[in-house]
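Inspection log for the structure reproduced underneath, given as structure tokens.
Chain naming follows the written order as A, B, C and D, and within any one chain the residues start at number 1.
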Amino acid sequence: MTLSAMIGAWIAVFLTLSIFSYLYKDNPFYKIAEHVFVGVSAAYVAAISFWTQIYPNLLGRLFPKDGPLSFTGLEFDFNHSFNILYVFPLLLGLMMILSVFQKFNWMARWGIAYTVAIAAGLKAFGYLNSNVLNQVSASVVSLFGENLPFFNISGDSVFNNIVLLLGTISSLMYFYFSKEQRGNFGKLTRVGIYFLMISFGASFGFAVMGRISLLVGRFRELIAYSEPSYNYSTIWLLFLIIAFLFYHSIREKESNT
Amino acid sequence: MFVLTLSVIFIMLYEIRLTKFTDKLPFLRSIPGLKAIEEAVGRSTEMGKPILFVPGIMDMNEVETVAGVVVLGHVANMTAKYETELDVPVARAIVMQAARQVSKEAYLTQGRPELYNEDMVHYITDDQFAYAAAVNGIMQRDEPAACLYMGKFFAESLLFAETGNSIGAIQIAGTGSQTQIPFFVTACDYTLMGEEFFAASAYLSQEADLIAGITAQDLIKVILVIVILFGTVSRALFDLGLVSFDFITLIGI
Amino acid sequence: MILKRYIPIAIVAIFGSLTLSAWFIDNETIETFANDDATQFFDIIAAFAVFLGALNLLKLQFIKFIKKQKGWQYSAISILSFFFAFIIGFFIRGAYFVDDKVFFTQEAALESIIILDVSKEQQEEPYKVQENSFKNLSDAKDFAIKQNLITPVDWGAHVQKNGSLFQWMFKYIFSPLSATMFALLAFFVASASFRAFRARNFEASLLLLAGIIIMIGRVPAGGLISSWMVMYLIVLVSGLYIHYLKKKNNVTIIFTLAGFILVTIAGMITGWPIDKPSIFYLPLLQEWIYLVPNAAGSTAILMGIGLGIVVTSLRYIFGLEKSYLGE
Amino acid sequence: MIRNLENLIIKIGDVDRRVIFVLIGLAVLIPLLTPVSLPIRETPTTVKFYEGIEEIPKGSKVLVSFDYGPSTRPEIHPMNVAVLRHMLRNEHKVYISCLWPDGIYMALDALEDISDEFSLKEYEDYVLLGYRPGAEAVIKGLASDLRKVYTVDANGKFIDDIEMMNNVKNLNDFAYIYSGSAGYPGTFEWVKYGGDPTGVRMSSGTTSVQVNEVIPYVRSGQLIGLLAGMPGAAEYEKLVESPGIAIKGMAAQSFAHIVIVVFIIFGNIAFFLKQKKERKYSK
């Protein structure tokens, strides 16, 4: 058990228990863990994005080994070939940094404009194809297939297909904006809402299972770190945190009575 | 595929041209969530508490984040008018700059530049859960009267909604992230579900060109329903052997 | 004026239509641009933006710290942890390899190779590196480095290298924090479902029913509940509901009794199979719910979102919506 | 007597959130300390996933992608370990990619878990391509030309020097694509930019919460079966006979579920009783 793993385990247990203390109420331990998390993650993301983005992709492409700019002595060999186009993101990136000054605030607009442009251009078609087109062909159901039973709980059947057809169309009509939902159009959208509610209830049920399993993962790590080899870190820290919170709440009660 | 995209563009342009002839805005049904935003701003002013606006955790390369920032513009207009304190913690620096542009513009058009302060919109961190931890902290300590969540969300949506609920704030959510809609529906007071969220900016802007986009969407929806029904009928006939072709496989979607 | 207004709008129009058309025009340059460079450009700009964000974060925390506003001690903590992680990320390599053993600092790696031979201390050549020995520590160190017995990990790879200090920070600070924040959801999902799953109206009860059936049906314990138990439960609940509506005791008693008798007779005839009739056997019922009604609802939402995104994207490309640029 | 029973239920109906938190905590902790195992029943989507992999001709090239991080590890990691076991047992050549920055650490752990069981040799049984930022751009790049995205593998070795990579130009050279996905980028992007355009058979393991969003793809056949959350992982572990962590976690999950359902039922009964009481006073 190296020293670094030991220290690491104690830090991990302290931070884990401090975040869990939030369930009790907002307290100093949660504030500490929250601010450590914000500080560390901001720098962690800065490091990851520099070393996996700017360093290989930008510098790698502007200063490749014996590329045109290697007279400057700068060389970053990532097996990329030289690409002059990468001056454009360099320019927009620097402008983004300069926009921190009040006077150059407008400089961020170029970077924003480019980002929104590719959001609209790249994403729009993907959604049209996979979300709209494939789903339309999937919603066309066969009602008189050869060996299609009238009802069968797990597998294709005429009843299931009718429910699918009705459900898809009525829920789609709920999102129809140009008509007030009254009269028999209102009845159709009401059926649509029922299907949507079943769909939300189902995915909520799925979510409950997923979230519980994450708690299983955390408790397993806390149990692992409470072993003698980590000299009972979880038990010690749990005792200390609870004692401090207990004392803290008593002092608070006295101060406001 | 090219044909379909062209037809979507064509329908949109056709609808926009239609609005040129009548000066009356095309009719749109009411969306409860949007009316509730104005109420929420009013309530916060009375209670003298800030409004928290969370524009999602993704960057401007997501259409939902851009839509969220546009809705922020309209909310900033309201907070300028009612002189309410607005707090916008963001998880991406590009979103921070866009949100600042939008809110400064809103405060200028309302003629209240002195109320606008750049640090209303402030960066926390890029990481999803560190951002969620910080926003939870802000909610517990500043106790906003209204919390608006507009943009793309992942698992942390329930962290916001449950904390917001525990401090008794009005919560209005809008997102196109399908997996998170159920959490917002169960834990928030109002939810703009998927397409309602994308229509929100047009609703609030009351501009003919933008509302025309929505009527175009409605027209496409009707066409889709017709295609589905027609496809089902043709498949039924095909299965019964009365017809030799199946419409859907024919046009090869 | 042009720089501030027209060029950003032009950027949106040009790059928007360029990347949109890339799906249809199979011209080589546009295709490669849309498939690779377009997103790489964005990632680079976003990478620069992260530093802009970090500057803003530090500015606000410093102001709070210097002006001693409420909670300034915690701002000190976040500034300190930022610089702690920043130094590890940018200024310390954090991984020196001696064969396959890893050390965070060069000193530690050197100490593991250079052995102090006490017996030869008198003849002032105590430091041994493998076979050769040296008078003083610094010669031994230069020799070890020159022979590259210690191979430092190169810059950039140290953020992805197993065993580096950066990976230590990831393993013991960053990932426990994010995993625990995520695990909080297990508690919140429980309290949310407790509060939200109330049969206030018909829609809310549909939400409640679908949620509960999926929850019980998908877990092994759910498979043990036979469909007969479920039928008895339904009879009981509908009995209570009728009592709640009609308020007449005898009507409710007759109804529930008749229901029980009916279910028992059907059970006796078929010999109480655990999963027949299948529509009441929870694991199969939950399967049906998530494959049919749920699929219909999510297909409609998927289509709605798809349409919403397409029309909104076209709105941005055609410049109908420019407010995010401060227009 | 019924009076105070009703009041008790009403009190339970408005119980403070923290009581539920304590009960959920215990419901998960107790089964972990005293392991109790429950029978696992395979659902059709898991069986279809298992058969989808069995159908791949022996010794073909498969792509396994690690698209999750530490926070979603409990659900996805057991799946990816079981998939790796399944692939290597059928002597497939495994190529590992990661769309999430932390995926590289998850892949290294997974390989460590099974390395002694299969006496794995790098560049013979598997190639670790490693993490590349860019989300769907990476998939689009893999679909058109792998070497544009991966010029070097995770250890920094040039792709062209790796013998196993010789006849691998893009996704079409793979017989099967699997993505262990916890969100964005993940299953959605692999279907939209990987599976659909190239037609390569693919499937995915997802967190429970995504199952609902991914189901339409399973129904339309764009995904061959699916591993849905921890239950899916436990069922698949049973099918592949690789007893792992998921099966142990299932007991904890069952107890926690029962606690939640019991509270929901009490909540509803309390809700009805309170309404009955208010109606009596309001008359």
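Throughout what follows, a residue touches a chain if its C-beta (ideal position, glycine included) is under 8 Å from a C-beta of that chain, and two chains touch if they have at least 3 such contacts.
Note that the coordinates shown come from a computational prediction; the quantities given were computed from them, not determined experimentally.
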Contact-richer chain pair (by C-beta pairs counted) among A-C and B-D: A-C
Distance from subunit C to subunit A - Cα centre to Cα centre, in angstrom: 5
Whole-Å gap between the CA centroids of subunit B and subunit D: 29
Distance from subunit B to subunit A - Cα centre to Cα centre, in angstrom: 18
Shared-contact residues (touching 2 or more other chains) in subunit B: 1, 5, 8, 59-61, 63, 66, 93-94, 97-98, 101, 124-127, 129-130, 133, 141, 155, 158, 178-179, 181, 183, 185-186, 193-195, 199, 214, 217, 221, 224
Subunit A residues counted as touching two or more neighbouring chains: 19, 22-23, 31, 33-34, 37-38, 40-42, 44-45, 48-49, 52-53, 96, 99, 109, 111-112, 115-116, 118-120, 122-125, 128-130, 132, 134-139, 154, 165, 168-169, 172, 175, 196, 199-204, 206-209, 211-212, 214-215, 217
Residues of subunit D engaged with two or more neighbouring chains: 17, 21, 24-25, 28, 44, 71-73, 131, 133, 136, 209, 211-213, 216, 219, 231, 253, 256-257, 260
Arrangement of touching chains [line / ring / star / complete / other]: complete
In the complex with subunit C, residue positions of subunit A that touch it: 4, 7-9, 11-12, 15-16, 19-20, 22-23, 31-58, 83, 85-86, 88-90, 92-94, 96-97, 99-100, 106, 109-125, 127-128, 130-132, 135-136, 138-139, 153-154, 160, 163-169, 171-172, 174-175, 192-209, 211-212, 214-215, 217-218, 221
Partner subunit C, residues of subunit B touching it in the complex: 1-2, 5, 8-9, 12, 59-61, 63-64, 66-67, 69-70, 73, 92-94, 96-98, 101-102, 104-105, 119, 122-130, 132-133, 141, 155-156, 158-159, 161-162, 165, 176, 178, 181, 183, 185-187, 193-195, 197-199, 201, 209-210, 213-214, 216-217, 220-221, 224
Parts of subunit B lying in touch with subunit D, wherever the complex brings them together: 58, 129, 154-155, 166, 178-179
Parts of subunit B lying in touch with subunit A, wherever the complex brings them together: 1, 4-5, 8, 26-30, 59-63, 65-66, 93-94, 97-98, 100-101, 118, 124-127, 129-130, 133-134, 136-137, 140-141, 158, 179, 181-183, 185-186, 193-196, 199, 214-215, 217-218, 221-222, 224-225, 227-229, 231-232, 235-236, 239-240, 248, 253
Subunit D residues within the subunit C interface of the complex: 17, 20-21, 24-25, 28, 38-41, 43-44, 69-73, 102, 104-105, 108, 130-131, 133-137, 140-141, 144, 148-149, 154, 156, 211-213, 215-216, 219, 231, 250, 253-254, 256-261, 263-264, 267-268, 271-272, 276
